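In the two complexes that follow, subunit A is the common piece, with subunit B as its partner first and subunit C second.
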Partner chain A sequence: MANSLRLYLTCIRNTLEAAMCLQNFPCQEVERHNKPEVELKTSPELLLKPILICRNEAEKCLIETSINSLRISLKVKQADELENILTKKFLRFLSMRAEAFQVLRRKPVQGYDLSFLITNYHCEEMQKHKLIDFIVQFMEASFHPLHLVLWSVVNYFKYYAFLWTY
Partner chain B sequence: MMVVTDDFVEADNAEAIISRIEHKSRKTESLLKQSKLVEALKTALEGWPPNTRDERCKSANWIVVHRAIMAMKDLDALFSSLDPEYYNILMKYLYRGLSTGDRPTCDQCLRIHERLTERAGLGCILRSLADTTNTV
Partner chain C sequence: MAAVAVHQFAPCITCHAWSPDRSMVAFCPNNSEVHIYKLSEDKWEQAHILQKHDQIVSGIDWSSRANRIVTVSHDRNSYVWNYEGSEWVPTLVILRLNRAALCVQWSPQENKFAVGSGAKTVCICYYEQENNWWVSKLIRKRHNSSVTSVAWHPNNILLATTSTDGKCRVFSTFIKGVDTRDSKAGSSSDSKFGEQILQLDLSFSWAFGVNWSPSGNTLAYVGHSSTIYFVDDVGPSPLAQNVAFRDLPLRDVLFISEKVVIGVGFDCNPMVFAADESGMWYELCQIPWGEEDVINWSQVWFAVF
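Our next item is the complex of A and B:
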């Protein structure tokens, strides 16, 4: 299982390294405007093919690139109702603080739990390989805390069930 | 700066392409039975681009390639004998496999993707992203 996670993250890292080739591109339709083309999707010649990388039926990552922006959407595995609630709360907590993250999108794309939007300005201010490291480490880290919280919840109930029965 | 996209020319009708794919499928199956896995994959990847936008032809082709990819066991032997001209088309089919969401397919595709990127580099990935006319 650890190996499949490693392969999944390696595939995403390689795809991001290839896809993160962004440059400044003023809007073609409206004068003096500069918009992330991946969000608008008005001109097909500015968009690359969207890539969907699935690890299994429940976990996937959608990478959409355009000439000046890149959008990464993640779906995290949720095995049962409790994990579903915990995931929603945790990711909503992060999304509300999206300005602090700069590259996080406030609302995830339909069908996914979390989305990042990286523009050419982010690539100019920050280093490309560091941005990719951040996203991959974020994905690695987000697999752990939910399971730790779940584990502590289960242990709590087991302990008190033991106390009540004896 | 507006880019004009070329109009797609239908080279053959869909039935002719599907009959060619069926012939290719039989050839691939016989090679797989003889445990010639690399030749089977080369046969499955040949005859591309198919010059068609018909989804049935693409699905039929994908089924043949999927069969050959799932049969691969020894990746070292694959990459030592596969010609570089097949790398781009193999990368496109790997991404198609990764988008299916089926666990064994995804596991196999992730394994091959890592090795193929080491071999072919990031340019191979970018060519598969950028080619929006010849899709699989």
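Our next item is the complex of A and C:
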């Protein structure tokens, strides 16, 4: 299981290294504007083909690139209702504080749990390989607490169920 | 091969140009100003700051004979700066653009300059003596997307452009009164202004960084799919070659000589391409630049050989 996670993250890292070739590009549609093209989607020639990397049916990562911006959307595994609620709460907590993260998108893309938006300005201020490290480590770390929380919740119920029946 | 000298002028440099004697360099530190630094006794000192643009300066070119600097910016304006006394004095050029200007280059004879823009047009500007100002003529309706790079042929009439629609086009920019019809030049001097001589559809992705060889016989440009395209005998029957490489895409190229080309791009090392005797181009080597990822997509530095 850990092996497939490694492969999944390596695949995402390699794709990001190729996709994160961003440059400053002023808007073609509106004068004096400079907007992330991957969000506007007004000029199809400025967008590259989106890449979907699936670990299994439940976990996937969509990487959409354009000439000046990159959007990474993640869907994490949610086996049952409890995990669903926990994931929602945890990721909503993060998204509300998107300004602190700078590269996080406030609302995830439709069909996904979490989205990042990286623009050329982020690449100018921060180092590209450090940004990629951050995203991959974030993905690794976000798998962990959810499971820990889930296990602790399940164990809590088991313990009290045991206390009540005996 | 290692760097001759490394100086950090600013955290991020958008574009730059060398002075004719290579003692000064003008660049834009990712804002609306142009800084000019002078080399004196092995140290770079700030000589001038040119402040006229409202938005980021996207292109600078320094003409070698007349000592003029032309700057273009995302605010759709262009200024030609003349050195008078001890100050640089700007002259506004009415480009008639309705989108940002992306790149600029003086023509070989420095009587014209070309500006590529996000309005899918190219402006050719020339000086009108009677009215004492710079006039622009536009090449419209040919490009399907922003024009990312322009390059003049040594004959001062042909202009190559690359665009984010993936195509490289060669136009004639003959202007009556500015250019003279050369009887020896042949087909290039028979064309009208704005006539498309050639359209190259070699790249599947965006095209950047076009450059002519010193003789004007070969054209090179890069595509975002990590390929560089060489076109020999530009004319009715061109010969094209692609060289694909493993690294991240290039952003700009420069012909050092007739057979050697240097490309820079998203990988932090400049790459050298050479042509062998039969005319086949191949990747020669990479120049190690060190650990700094400073070169994001800078233009090629004119090496002082």
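Criterion: the second predicted complex is superposed on the first by the 166 of 166 C-alpha atoms of A that agree within 3 Å, B and C clash if a C-alpha of one lies under 4 Å from a C-alpha of the other, contacts with A are read in each partner's own complex, and residues count from 1 in each chain.
As a convention for this text, contacts are C-beta pairs under 8 Å (C-beta built on N, C-alpha and C of every residue); 3 or more make two chains touch, one makes a residue touch a chain.
Bear in mind the structure is a predicted one, so any value in this text is a computation, not a measurement.
J.: Tell me which partner A:Ser4 touches in the superposition: subunit B (first), subunit C (second), both or neither.
T.: first
J.: Applying the touch criterion given at the start, work out whether A:Gln127 contacts subunit B, subunit C, both or neither, answering first, second, both or neither.
T.: Touch partner of A:Gln127: subunit C, not subunit B.
J.: Looking at A:Leu52 after the superposition, I want to know if it touches subunit B, subunit C, both of them or none. Which is it: first, second, both, neither?
T.: So A:Leu52 only meets subunit B here.
J.: Would you check which partner chain A:Asn34 touches, where first means subunit B only, second means subunit C only, and both and neither mean what they say?
T.: The second partner, subunit C, only.
J.: Regarding the shared-chain residue A:Ser142, is it in contact with subunit B (first), subunit C (second), both, or neither?
T.: The answer is neither, since A:Ser142 touches no partner chain.
J.: Is A:Gln23 contacted by the first partner subunit B, the second partner subunit C, both or neither?
T.: After superposition on chain A, A:Gln23 lies in contact with subunit C alone.
J.: Touch check for A:Ser95: first (subunit B), second (subunit C), both, or neither?
T.: Once the two structures are laid over each other on A, A:Ser95 reaches no partner at all.
J.: May I ask you to decide whether A:Thr15 touches subunit B, subunit C, both, or neither, giving the answer as first, second, both or neither?
T.: first
J.: What part of subunit A is shared between its subunit B contacts and its subunit C contacts?
T.: 17-18, 21, 28, 43, 45, 48
J.: Which residues of subunit B touch subunit A in their complex?
T.: Going through subunit B, the ones touching subunit A are 1-3, 5, 95, 98-103, 106-107, 110-111, 113-114, 117, 122-123, 125-126, 128-132, 135.
J.: Per the contact definition, I'd like the list of subunit A residues that touch subunit B in the complex.
T.: Within the complex, subunit A touches subunit B at residues 4, 7-8, 10-11, 14-15, 17-19, 21, 28, 43-45, 47-49, 51-57, 60, 65.
J.: Going by the contact rule at the top, pick out the subunit A residues touching subunit C in the complex.
T.: 17-18, 21, 23-28, 31-32, 34, 43, 45-46, 48, 67, 123-125, 127-129
J.: Provide the residue numbers of subunit C that touch subunit A in the complex, in ascending order.
T.: 11-12, 14, 30, 55-56, 58, 74-76, 98-100, 102, 118-120, 144-146, 164-166, 205-206, 224, 248-249, 251, 265-266, 293, 296-297
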